[in-house]
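Okay, so subunit A shows up in both of these, paired with subunit B first and subunit C after.
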Partner chain A sequence: MSLSFLELENLSKTYRGNAEPTVQGLDLRVAEGEIVVLLGASGCGKTTILKMVAGLEPHDDGHIHIDGELMDGVRAEKRPIAMVFQKALLFRNMTVAQNINFAPRLNRSMSRSELAAKTQEMLELMQLEGMGNKRATQLSGGQEQRVSLARALMTNPKLLLLDEPLSALDAELRVSMRSFLKKLNRELGTTMLFVTHDQEEAISLADKVALLFGPSLAQFGKPEDFYTRPATEQVARFFGWKNLIAAQQDKHGVRCGLGSFVLPDCAPYNGTVTLAIRPEAAIEVGSGSILGTIARAEFLGSHILYTVDCNGVQLELSLSKRHEYAPGSSLTFNLDPSLMWVV
Partner chain B sequence: MKRATRILILAVAFIVLLLPLVPLVLWSLVSRWRYPEVIPDLDGGFWLGLSSDPRILSAFTNSMALTALVVLASLALSFFAAKNLGTRSFRGKRIIEIALLVPTFFPPIAIVFGMQRVFVQLHLYSTLPGLFIAQLVFYVPYMTLLLSAMFENYDPAYEQQAASLGVGPVKRLFTVTLPAVRAGVVVSCIFCFIGSWSVYLLTNVIAPPAFKTLPTLLFPMMSVGNNSYSMVAVVIILYIAPILLFLTLGSKALVDNRLDTKKGGLL
Partner chain C sequence: MKTRIQLILSFLPLAVLLAVAYLWPVFSNVRASFHDDGGTFVGLQNYSDVLTSYYFTDSLLFSLKVSVLSTVISMVLAIILALALRETFVGKKLAVFICQYNLSIPRMAAAMIMLFLISQTGWLSSIAHWLGLTDSAAQFPFLAYDSRGIGLMIVFIWKFAPYICMSVLGILQGASLEFEHQAATLGIGKVKRFFHIILPNIIPATAVASILVFAASFGDYEVPAILGSAQSRPLSVMVYLKYLDPHLRNRPEAFVIMVLMTCVLMAVIITYWLLVTRRERGRR
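Presenting the complex of A and B:
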């Protein structure tokens, strides 16, 4: 993997009529062949970033480099990208095959035989064999999205931009399309910038996740980083760190109402901090040194979420169904330091 | 729909639309049709003498050329304005829409004579470019309004999709945008054609006196009375035939479009 295939440098955008910027000072580097997922709530500027990279929306400040080339001011059709939108946007006056070979056919970038062979190859890759002559509206949602993806891949883009392409699909199809995209990424080595608001989708698909809150980047890193070392309280909350407790940190470790903990990976600091504890952090249940009382129990299918009162400190702990406790009963446990972090 | 119902609808449509034209066609085919003849002697009427009267063919050619130019120019000038008006929201949009309706607020005679005054000053009075521009003054806003209504249901994301696939603006226009608004373009062109084809007052006032179109030839011909009925019937048929033809082709395009939408749709 080479360094910085896509480089966004101090990228900013404020829409006319808006007082607040939609994107502000964004720095992002994507290596070749990587899948980077832009994750964030609706309206946080993810699609705007994608459109700026695609050249469909001008940026106010900053620079965009793709494969070392400065893209500022370069028109969309001249950029080495292809974009797949949330809606499949198939040209419905065309057949499936005509949709797939739309760009090279119009740009005459392939000979007739090449075009036919590559279209067939794409139909096979997308498991759409025998559907080339069907009209676009004769397809299911999943098939439409695969045609849209095939149409984008047909242009051999250096960078594939995907704007929530799976959000309109049902849960089962979404999962299979995710695996399909990962497989494509492995087989073709195409760099992908993927936008979603779905945390699960982001984590399962990404080599790296860029989490956006408002116009700025909150954290950029590997998916597991968000579960083990969130950058801020906000990031921690977004990624399900339900327990955020005021604590004191010094060279010996972190102290709070639950006891003292040594967190070796945390940066040294002296002073008040917030200790984040994942709900799955409870270990040695029934034999640990921390004593609590069950305030509430919520059955969530594969596990039970308990609200535990530990000397005035409220903790939410997720335990397997092996550990069933009634509200009001006592619980002893310890906490796994690898599932705790200081933010 | 049942076959019998379809036949009934076609029969009613035929009686209402085409039956009134039968006497006209008969009149064009006979030199004389006098009482008490029930069925006249179909001797070809004025059709046989059509080539010997250069006024009519020249007026037909003038009308066709002028109308074609006006329709094409109006479409070209209004298309992108209509697209912006239909797909974007911006401050002052409502004012522009009202301004486009202004030519319909006032009686045409007031506008035409006002225009005459301005065209004299611009040295466009009594010239063919003047007549062409004068028609555009009416039909560009008209077509812009018709097309903008069509563009309100148009999703520009299809063009963005094509651009992101490396397809340039001209190819996008012809392969993405135009097919998507084909129905609106056809309807607008039909209305513009019918309007421009029928213009009488404007041509009479602005065009050079020697320049005749079918309406400017036909109306005096009908009022004078020294022309044969056959000649007038031929001119009327030449006048309404392109309108009927254009309407038929337009309707077919719209039906094809609807079927296309059912099968696969446009965009």
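Presenting the complex of A and C:
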């Protein structure tokens, strides 16, 4: 089992001809055996970060440490990493087994018997038993990506870098591959840095998520933190906090047009703040103290999204189908403080 | 959906063009090679005359030497140049432009430029004299009009290496780069990446471009006409001389040489095609 960790320290990169930096002052620490997901929109620099860690792209400033070793200026082939790309990039002229043992075979880092045994082990691990002699061209998309993953794991990397490896797969396969990756992580303990633009994928896979907006890190933490403690309004919006209301905070709590709330987990502050309320925050529906009028109702399958006008404050509330209200009707409810946060 | 007749009709203009501009001249040439200057069918007599002549073997070997060496050296230089042009550096756009622009220079002009550059009274000779490297123009190496064909090869390489380079560069910047990155992150070093990733990726495009370069240098007339030596004449010059020979009975030899040149080129193309087919079959 490989143990490792990654530390990015004030990492920056500006591409030639670009006025704006692609990555700026990035600090990130990944513990041994963790899956950290770099999440962000296209073009926010996620892949650049991965390439800098891999040594495929030089960084302008900052430092990269892998397992305590400074990696600045170290060539990609000398780093204790392996990378899986968006495309499987299998060698078409080789069999599945030859693809899997490509690196140790070329580098002669294993004896023949060792190579055969390890290749077989990888085939079993990837649930590709009996496919070793198949041509790479005969595989399905999911099988190709598993071969690519096996090829990377054959090198016993301390750190596995994954650049949107599931984005080319269909929805069902993506879900099963996510579980497969988590299982691999648990079994092998390999530290993984995973890039995606898919929020659901990030949340389901990550031990920690690094959310990037533009060249900087917006928030780094456990997936549930993004749903309970967003760092900024932008993060809150990105993670579906639909209600962002101007409020006043003091030592007694937070006051806004909906009333006063005590949010014990929020840092003390005196002044104007933005109160973020999740759409699922409505409780005691039909018996609460907040009164609103339904302005709009949108049926979303498992629930109904209501736009509620509460004395001039517009709220979007997600209620189960048990609570059906017609537009124009009145609604009373309370708000669950655990689904409210000050940003 | 197009009917069969519509498909045939849409292909017809191209078929007519191919027949008139390519097949008919080739056919006429082959036919003429089996007849004497009076139009009488002589069978393989003209071929026998050419193949047993004092000049043909020397001329063929000289043509092959110049074109093979030009092609191989162009290919090697093109790969080195493409690997360099792939990197980011100041003046890269200009360097790529020069490579692209080089293609549009007529070979006649290229030969003239090289004549001014490498002949014993050319610029390089003058610079060597000015630097004190030579005492007189005669001491400068005999590169133009030389019997070894060095001047010809310099022109062909200068003309064709950038052409092959452009074919290779497209691949190096695209698919090859992704596979190289993949290999690098698997711990494969530069030299192994070159032989196991870059070469297999660029060989098909390089081979096609090189065949064109071989064909162009093997059949070229302008460059040897300007820079060539009277002692070593390539087949293309021999064709011209035989065709214009005042003794009209020598003219069919020109047709024979042209047919033999075509055969050499066809042999190269067929060999390449067989190699590719066998490789593809091996992959399946």
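In this text, the second predicted complex is superposed on the first by the 339 of 343 C-alpha atoms of A that agree within 3 Å, B and C clash if a C-alpha of one lies under 4 Å from a C-alpha of the other, contacts with A are read in each partner's own complex, and residues count from 1 in each chain.
In this section, a residue touches a chain if its C-beta (ideal position, glycine included) is under 8 Å from a C-beta of that chain, and two chains touch if they have at least 3 such contacts.
Predicted, not measured: the structure shown is a model, and the values here were computed from it.
Taken together in the superposed arrangement on subunit A, subunit B and subunit C clash. When the two structures are aligned on the shared chain, A:Phe85 is found in touch with subunit B and with subunit C. When the shared chain is aligned, subunit B and subunit C each come close enough to touch A:Asn93. In the superposition on chain A, no contact is made by A:Leu258 with either subunit B or subunit C.
Judged by the touch definition given at the top, the superposed model places A:Leu39 against neither subunit B nor subunit C. Applying the stated contact rule after C-alpha superposition, one finds that A:Ala276 touches neither subunit B nor subunit C.
When both complexes are overlaid on chain A, the residue A:Cys266 reaches neither subunit B nor subunit C. By the touch criterion stated above, A:Ala76 is placed in contact with subunit B and with subunit C alike. Within subunit A, the residues touching subunit B in one complex and subunit C in the other are 51, 54-56, 75-78, 81-83, 85, 87, 89, 91-93, 102-103, 106-107, 135, 137, 151-152, 155, 161.
Those residues of subunit C that touch subunit A in the shared complex are 88, 178-179, 181-190, 192, 196, 200, 282-284. Put simply, subunit A touches subunit B in their complex at residues 51, 54-56, 75-78, 81-83, 85, 87, 89, 91-95, 102-103, 106-107, 135-138, 151-152, 155, 161. Considering their complex, residues 155, 157-158, 160-169, 171, 175-176, 179, 260-261, 263-267 of subunit B touch subunit A. Those residues of subunit A whose C-beta lies close enough to touch subunit C in the complex are 16, 51, 54-56, 75-79, 81-83, 85, 87, 89, 91-93, 102-103, 106-107, 135, 137, 151-152, 155, 161.
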